[in-house]
Every structure is written in C-alpha cells, then in structure tokens.
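Input: one structure, supplied below.
Which chain is which? They are A, B, C and D, in the order written, and residues in each are numbered from 1.
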Amino acid sequence: MAAQQMQNWKTKIHDIIYEADTPLGKLFDVLLLVFILLSILLVMLESVESIDRDYHEILYIGEWVVTILFTVEYILRIISVKKPLKYMLSTFGIIDFLSTIPLYLSFFFVGSQALLTLRALRLLRVFRILKLARYLGASQHLKDSLIASRIKIMVFLFAMLITSIIFGTIMYLVEGEANGFDNIPKSVYWCVVTLTTVGFGDIAPQTALGQFITTFIMILGYGIIAVPTGIVSAEYVRSYKNNEGEVPPELNHLDIDLNSLHCSNCNTSNHKDKAEFCYNCGEHLNP
Amino acid sequence: MAAQQMQNWKTKIHDIIYEADTPLGKLFDVLLLVFILLSILLVMLESVESIDRDYHEILYIGEWVVTILFTVEYILRIISVKKPLKYMLSTFGIIDFLSTIPLYLSFFFVGSQALLTLRALRLLRVFRILKLARYLGASQHLKDSLIASRIKIMVFLFAMLITSIIFGTIMYLVEGEANGFDNIPKSVYWCVVTLTTVGFGDIAPQTALGQFITTFIMILGYGIIAVPTGIVSAEYVRSYKNNEGEVPPELNHLDIDLNSLHCSNCNTSNHKDKAEFCYNCGEHLNP
Amino acid sequence: MAAQQMQNWKTKIHDIIYEADTPLGKLFDVLLLVFILLSILLVMLESVESIDRDYHEILYIGEWVVTILFTVEYILRIISVKKPLKYMLSTFGIIDFLSTIPLYLSFFFVGSQALLTLRALRLLRVFRILKLARYLGASQHLKDSLIASRIKIMVFLFAMLITSIIFGTIMYLVEGEANGFDNIPKSVYWCVVTLTTVGFGDIAPQTALGQFITTFIMILGYGIIAVPTGIVSAEYVRSYKNNEGEVPPELNHLDIDLNSLHCSNCNTSNHKDKAEFCYNCGEHLNP
Amino acid sequence: MAAQQMQNWKTKIHDIIYEADTPLGKLFDVLLLVFILLSILLVMLESVESIDRDYHEILYIGEWVVTILFTVEYILRIISVKKPLKYMLSTFGIIDFLSTIPLYLSFFFVGSQALLTLRALRLLRVFRILKLARYLGASQHLKDSLIASRIKIMVFLFAMLITSIIFGTIMYLVEGEANGFDNIPKSVYWCVVTLTTVGFGDIAPQTALGQFITTFIMILGYGIIAVPTGIVSAEYVRSYKNNEGEVPPELNHLDIDLNSLHCSNCNTSNHKDKAEFCYNCGEHLNP
C-alpha cells in the first residue's frame, strides 16, 4: 500500500514537473521561468563592479536561494522519472546539472589563486538560460523551414568561409602588419567582419589598393546577403503552400496530432494525440 | 435655440477636427501636420548650441506660438467631443496633453538648479511627432503581415536574446575587463551590436580566441537575419494570394468596408461603410 | 536640293545619336560610354594629390579632350533634333549641358580666392555619369516592382524617421554632450546610423542606460529590416505570377511591343513596335 | 600485354582520382579535402609570429609533406588522363599547379632581399582552397537562381556604383580633406562602406551638412538592400514552382539525369545518366 502511495506521489510529481497541460504543471513552468530569469539577472549584476560592491550580501543570498531551489527541482526530476539515468544523460539533464553545481564547487576549490576560475565556474550558471529553450517549441514551422534549407545554408556559409580566407590572405599581403593586418587569421577575421557588414573599424584598410579590394568585398557581401534570405523565404512560401492544400506525407507527423505528454517511464515526448501507450517503451500514458 | 446652435457649432468643430472626409477637415489635418513638423524643428534647432545662441529670441517666440495653437486645439478637441473624459484618457488624448504642457510647466519649476530638468521637460514635446501616426493608417496591409507573424518574430527575438546572453558571458570570460568587456551586461550589449551587424567598434575583441568566437557570432547573425525577412516575405506573399482569390472571412472586416468616420459621442473609429449608428455606443453617425 | 541633302544628313546624325538599333548607333553609344567613364576617372585621379602633382599636364589635356568631344556631341544633339528647345529643357539635355560647361567656366571665374569654387564646379562633371542611366533601361521589371511598392516603402521610411527622432531625443537626454551626443540633430543622425545597422562608432553610448536603449534600437532595426525586403519580394513574386499566366491589361504596354526609336521631331521614345507615326506629335517614324 | 596492364592501371587511377562513385574514389576525395584544409591551416599558423617562432620546424616539415603529396597527386592526374594538356590548361589544372609550385620556387629565389617575395609566393598556396569548390556542386538549384537573376543583380550593382560615385563626390566637397575625405576615390570608398551598411567608422562625417547627407545615404542603402534580396527570393520561389509541376524544357538537362562521371579521354563531366559514350569526344565511358 505504501509502495502504491509512493508510486502515486511520484506520478503526481512527474505530471507537475514534466507536463504543461494541468494547471499545477503550468504554474510550475511559469515559476521555473521566473527563477531562471532571476538567477541570470543575479549573475549579470554581480559582474558589474559598482553593484557588486554595494549589494554583495543580497546577491550572494539570492544566488544561494536560487541554487537550493534548482537542487530540489533536479532531485525531484530524478526521483519522479522511472529511468533516472536516461534523464541525467539527456541534454536537458546535463544542462540542469551544470546550472546547479557551480556554487557548490566553490567550497572545494577555495584558495587565493583559484578565485578567478571559481568566478568562471559560477558564470556557467548563465547556461541555465538554455532551459528557456523548452518554452520555444511553439515555432515548429520556423524550425522546419530552417531544417529544409540547412544544406543550402551550409553550402552558403562554406562559400563565405572560402571567400574570407582568400580575401583575408590578399589583404594581409596588401596591407601588412603596419596597418593592423598582423597575420592571416586576423585578416580572415577582418574579412568576415566586412563580409557580414558588421564593420567594427578597429582594423580598416589604409592603402588605396586595400580600400579598392575592400570595396569589392563589401559589394560582394551586400550581394550575397540575398542568398540565405532568399532560401529561407522560398522555403517558407513553399511550406505555406503545402499547408494550404494537402499536407505532404513526409510532414504529416509534424504539426498535426501530437501532444505535449512525456512518458513517465522513458521520458519520450511527441506522442500522437490519441496514443494510449508510449511509442518508445510501451508504457501506458496518463494524460 | 441657443443650445441647438451651440450643438450645431460643436458638431461642426467635431467634423473639422476628427474627420478627414470634408475639405475643411482635410485642411485642418494638413495644417496640424505642418505645425507638428515645425515644432519638432524648433526643438531640434534649440538643442544646437550655435543656433540657439544667435536665434534664441525667434526660437522662443516660435515655440510659444506653436504651444498656444496646440492648447487651442486641445481645448477644442475636449469641448467638441460628447465624452471628453474618454478622449482625455485615450492614447492620443494623453499624447496631445503631454505635447502641450511642457512650456507651461517651465513657469512653475523656475530655479537655478532646475533648469536642466526643465530643458528635459520641454524636449518631451518632440513626442508631438507621435501625432503623425494618425496619418500612417494607409498601410493596413503591412500591419496585417506584421501582426500575422508577431509570434514568430517574438520567438526569433527571444532566441536572439538568449544567444546574446550566452555569447556575451563567454566573451566576458575570454576578453575580460582589460579589453573593454567590463561586465556581463556590457558584454551582452556588445553581442547584440555584433549579431545585428551594427558593429560600432567602440568595443572590439583583441585576443585571438575572442576574434575566433566573434567570427562565429557574426556568421550566426548573418545567417539568422534571413529568418525575420523570410517570415514577413512569406506572410506578404500569402496575404496577396488571399486577396487575389477570395478574401478569407477572418480578414473580411479589415480593408473592405470601413470608413474614416469618428463617432461624435464616444470617438470610436473603424465603422462599417454603410453604418448608420456607432457600433460602440449607438450614437447616430453623420458622414 | 541642298536643303534636302541637309535634311538627310540631319536625319542620319539623329539616327546615329538617338537610336541604338543600327550598327553605327550602337558604336556611338559604346564610344560615349567609354568617354563618360574616362572623364569620371580623370576627375577622380585629379583629386588625388600625389597623382595630380606628377601627372597634372596629362590629366589637364585629357579633360580638355573629353570636354571638347562632349561639346561637339551636345551641339550635334541640338542641331539634329527638330525641336532643339524641347531637348535642351529635358532632364538629359540639362545633364548633358551641366557635364560640358564647368571647364569653360574656369576661364571666367579666374582669381585667387575663386579657385576652390572652380574646383567644385569642375567636379560637377562627375554628374556626367548620370548619362549612364540611359543604358540601364533593361530592368523594367525591377522598376515596376519598386513603383508598385513605393507607398509602402515611403510609409516604412517615414515610420523609421519618427522612430529615429524619438529615440534620438531620448539618447540626447540620457547620454548628453559629454558622450558625443552634442545636440538632437546629431543624436537623430546617430539613431539612423544605428537603426540602419551601419554603426560607424564615432559616436557610441557610454552610460549603462544608453547602452540598454541602444540594444532596444538595434533589435528594432534588425526586426524592421525585414519589412522593405518582404514588400519588394512579394511584389516580385506577384509580378512574376502575373507574367506567367495572362498579362494584366495595365501592364500590357510595358514590356511587350515597344521599340527603342526616338521621334526625330519631338524626341519622344517608347513607341509601339509597329507604330508608323509618333504618338506624341504625329511625325513619321523612320526605323 | 604490359601496355594493356599499364592501360588498366591508368584507368584504375583515373577512376580513383576523378570519380566519386566508387568507395576508393570517395576515400581519395575525403583525404584530399583533409590535406587541403591542413595545408591552409599550416600557412595561416605560419603567418602568426608567436606560433612561427616556437614551432617553425614542425610547420616547415608539415608544409613539405603536404607539398610532396600534392606533387604526387598532380603527376598522377596528368599521367592518368588521356589528354594531359587539356587538363593542365583547365581551371582546376592551373589551380592544382599553382598550389604545388610555391615551395619549390623558394629554392631558386634565395637571397636576403627576396625573402618577403617568397613569403608572398608561398601564401599563394592558400588558393589551394579553391579546390574545395569541387565539392560544392551540390547546390545546383542555388546556382540556377543566381544565374537567372544575374542581369538584374548587375544592373543593381551598377546603380549602386553610380550612387556611390555621385555621393562620394558630394561628400568630398562637403567634408573635405580636414575630415578624412582626402580625395574622391577615398570618398567613393567611404560611400560604399556606408551604403552597404558596413560602417567601419575610420572615416566619418563631422559637419552638420555631411551628417545630413549621410543620413540620406544610409536610408537609401537600407531601402535598396531589399532589391537583391527580393530578386533572389522571387527567382527561388519561381524555380520551386516550376520543379513542383512540370520541369520546363530548358532546365530539363540540369538536375535530372546527369551523373558524376568524367570521361577518361577528354575529362568532360556532366554526362547523361545512361550515356554509353562521351558526348564530347566519343570515348567509351566506364561507370
């Protein structure tokens, strides 16, 4: 009986933490979001010297509060899932762990010279923000467009890299170390800065020939910016057209009848809307 | 009889000020536009030290002329509407008030040390320009495209913010305070400057590793610029297609049979073309 | 008979200069293009101090050669057209005149203090390049897209201007003269630099609040860059679609049966392919 | 018999080097790719002074290893093709030669003052990267879109150049040498920097008039960035539409039934899928 109660309790916790379909599950997600944003704000403020000097105590306490809450959440996630190891080794499991651990580590690595490293470890908690990715799932359509055009985008980026290396080398030969083009890698970096129209201006061509070549690079960059835009636009228009008429079979499973359930056994998501059992492990799904 | 005349007079004023369909109404709108632009020019010129020194008198008189005209307009707007309070608390009512008041306030807050604050208050009158928004309604189509893709744009901006925070933190760790990356918020600011391809160059990476990461950030920014463009383009193409064939029912009310009338009672606009009575308060509409 | 010969001779000259359909007419156009480019190169090189010092003689002679050739061309254009005044007051007539006159003017405005002004007048000859516009007509399609979306683009630019004025004023108040935001016009200029993602970096926000507002401006600029692109893309797709199926009647006259003939009387172009007489003045056309 | 064996051996080598359809051919291509990237990395690292000082020996040996491998590959390519001269004078033949020769040349041009030139010659080997272009063929679709819109893109670039020259001259007159606009070519360079929204900031307008004109240039640049994007997007959408329905006859030969075979006699590629003989020289093809 106690085991049964325990099991019920675990199922309840699982539903609150992993599902977003119940009121309690939604509340949990919103609270988690607030605490993630709060913890990022704390880390950011701490890095500002003038604020850290005046409010060090408050920031320190705030960080411990957030860390303890995240620890509790992490433990609850582990005990409420049937296969804890699978969760712990999943991407979000590792992120949850990494965003909890740094403050605890600061006890073990105490020492005058280790302080800077510690700061770095604590900053890792900013990656907690990656948890936010969980709430981004809304735009499946956008994702599909990007996936459909990923090969073209890669070819495009590769072409841009080749262009940068060739023009970077030419500019290194033309301008030389005297004008800030110290070596080829730095020259290539400058070329990417120019091609992407960022143009910091910390390095800029000084010779007439260098400026002429730069003009060419810039017009090239301006011309090819059309390429990724055109690709994504076209994919978008195409995918809209498909959605309007008939849905092509290969996209059939994407938007249509999936729900947000997570299997309580293996934590798989993206189940069919009317699915009774997990498609991965056969566990009964409780919606 | 006098009350009737008064009422007629008020209706006439209402038509001139709020409607753009009569010749007098159009003239009023154009004159208002000219005075708004003039007042903005005056505030701008006053902030230029060399011009303010030589033409202070003229600028001061010009500002008072504009302010008095705007005061008269504001009072007329209040007395010609049947529900003045509703107008005064509407967005444009507040903007009208805020763009009129600063010069009057300069009498009450006189004092040697309060002068700078006063200048700030007077500058608020630049917000008078927001009145121009009234004349922008032409592009309903553009607005529809933006509204239709607002969720996608928000997801996109949110993803960009996360990227900025993560790379900002990494760059803070890599470059440090010695190279201008003083704290994480400043680093995040720099990251947005880079991702959006603005690239001021007041802060720029100095270390080889920092420049390598920057290259990655820039290519990322160059790649994702395609996303909002693709979204809006596709929405545009889609909405055109809809307009060509049959108008979908949910867009039916948007472009087709609305006029520019404002109800003289509650000041609601966007009435149906053949509407006899205000859909909000039931007042009879006089076109 | 002499008058008849004269007339024939004038018609021949007219055909060579104004038409591009005969071999001689084509040769003339290409030669003109070469001389325009040469004259621009000469003006450019002359402005480079080191080159002007060494090759002043050659550049000076070159400029006179080009100027005399352009004068001859201008005179021939006037005498070969039946209504010279109409040509002289047309856009290209004025450009032709302005690109010929500066060097002659340098005789009349001699004097020690007038030298700088003269340089300026001579530089006007760079506008000779506008003649190149004649050879750009190829892309009627592109022009149509731009014309079709001109209202939307103007609304967009106007919205951008309002945004720049408001944020420029805010940044002037936040940053102030100490950080380079000397006055509102300069602040507005900086805001346009940022919104358009140019980002010179000669003026950059220094305060934390200023950098926060700048982040907002940049993301806004990044978001709205999608708008003009989306507009033009959609117009393009739409106009393609129209061309594929049936040509809409209002575009019927554009690409289909026009030739490059110029009327020898009134110099009107864009005649129908099979037109026997000028649609403007009734003059017989000789193809 | 020996001649026959020799022939067989040559055919085998040809298949490995020029074809990508057999396992050995694929392995060869991947290995070549790795060595090209390695050699570029070596040249880049060598240009970084601090790395070259410490690891000069290793970098030098590495370069020789790569050069010898490339020499062997070059020789094998020549002897395995039936018409070696045709290969040697083809684009890739010249690139292969240029990427192999520099290190050998360093023996002949030894001398104290020739060292810098030698460095330049060695850097030419970065062009080895152009070989990578061989592996880019995947995106035929992208290429088609660019080719279809090449005239429009050229017109656009030409219009941008004219704009740059005119505004560059105006800015030279307005700002002058005192503010960094030394001569017209430099002014035109600055104008391209601004129009393409790169904005280095090494040259920036200082006068009020100059900043006003710059505002205009930037908004122009921001507006016209839509043009190439719109062109490519529309081409893309159009080409997709064609592919969905029926393939237009003029594109029929492009994607559909071509294979990656190279003729062992004349080295022509792009043969029909079922072709038995080379369409160029009639040589029998062995798949």
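The working rule: contacts are C-beta pairs under 8 Å (C-beta built on N, C-alpha and C of every residue); 3 or more make two chains touch, one makes a residue touch a chain.
This one's a predicted model, so the numbers in the text were calculated from it and none came from an experiment.
Asks: Have a look at where chain A meets chain B and say same if over half of the interface residue numbers show up on both copies, different if under half do.
Replies: different
Asks: Over half of the contact pairs shared by residue number: find the pair among C-D, B-D or A-C that meets that against A-D.
Replies: C-D
Asks: How much rotation, in degrees rounded to the nearest 5, is required to superimpose chain B onto chain C on the basis of Cα coordinates?
Replies: My answer is 90 degrees for the C-alpha fit.
Asks: Specify the chain most distant from chain B by Cα centroid.
Replies: D
Asks: Based only on mean CA positions, could you tell me how far chain A sits from chain B in angstrom?
Replies: Taking the average C-alpha coordinate of chain A and of chain B, the gap between them is 33 Å.
Asks: Find the geometric centre of each of chain A and chain C from their Cα atoms only, then give the gap between the two centres in Å, rounded to an integer.
Replies: 47
Asks: Chain C: which residues touch two or more other chains?
Replies: Chain C, residues with two or more chain partners: 48, 185, 188, 197-201, 208, 225, 229, 231, 233, 237.
Asks: Looking at the complex, which residues from chain C come into contact with chain A?
Replies: Answer in residue numbers: 48, 197-201, 208, 229, 233, 237.
Asks: Using the touch rule from the top, collect the residues of chain B that touch chain A in their complex.
Replies: Per the touch definition, chain B meets chain A at residues 151-152, 155-156, 158-159, 162, 165-166, 169, 172-173, 182-185, 188, 194, 197-201, 204, 208, 211-212, 214-215, 218-219, 221-223, 225-227, 229-231, 233-234, 237-238.
Asks: For chain D, which residues are in contact with chain A within the complex?
Replies: 40, 43-44, 47-49, 120, 123, 126-127, 129-130, 132-133, 136, 138-139, 141-142, 145-146, 153, 157, 160, 185-186, 188-189, 192-193, 195-202, 225, 228-229, 231-233, 235-237, 240
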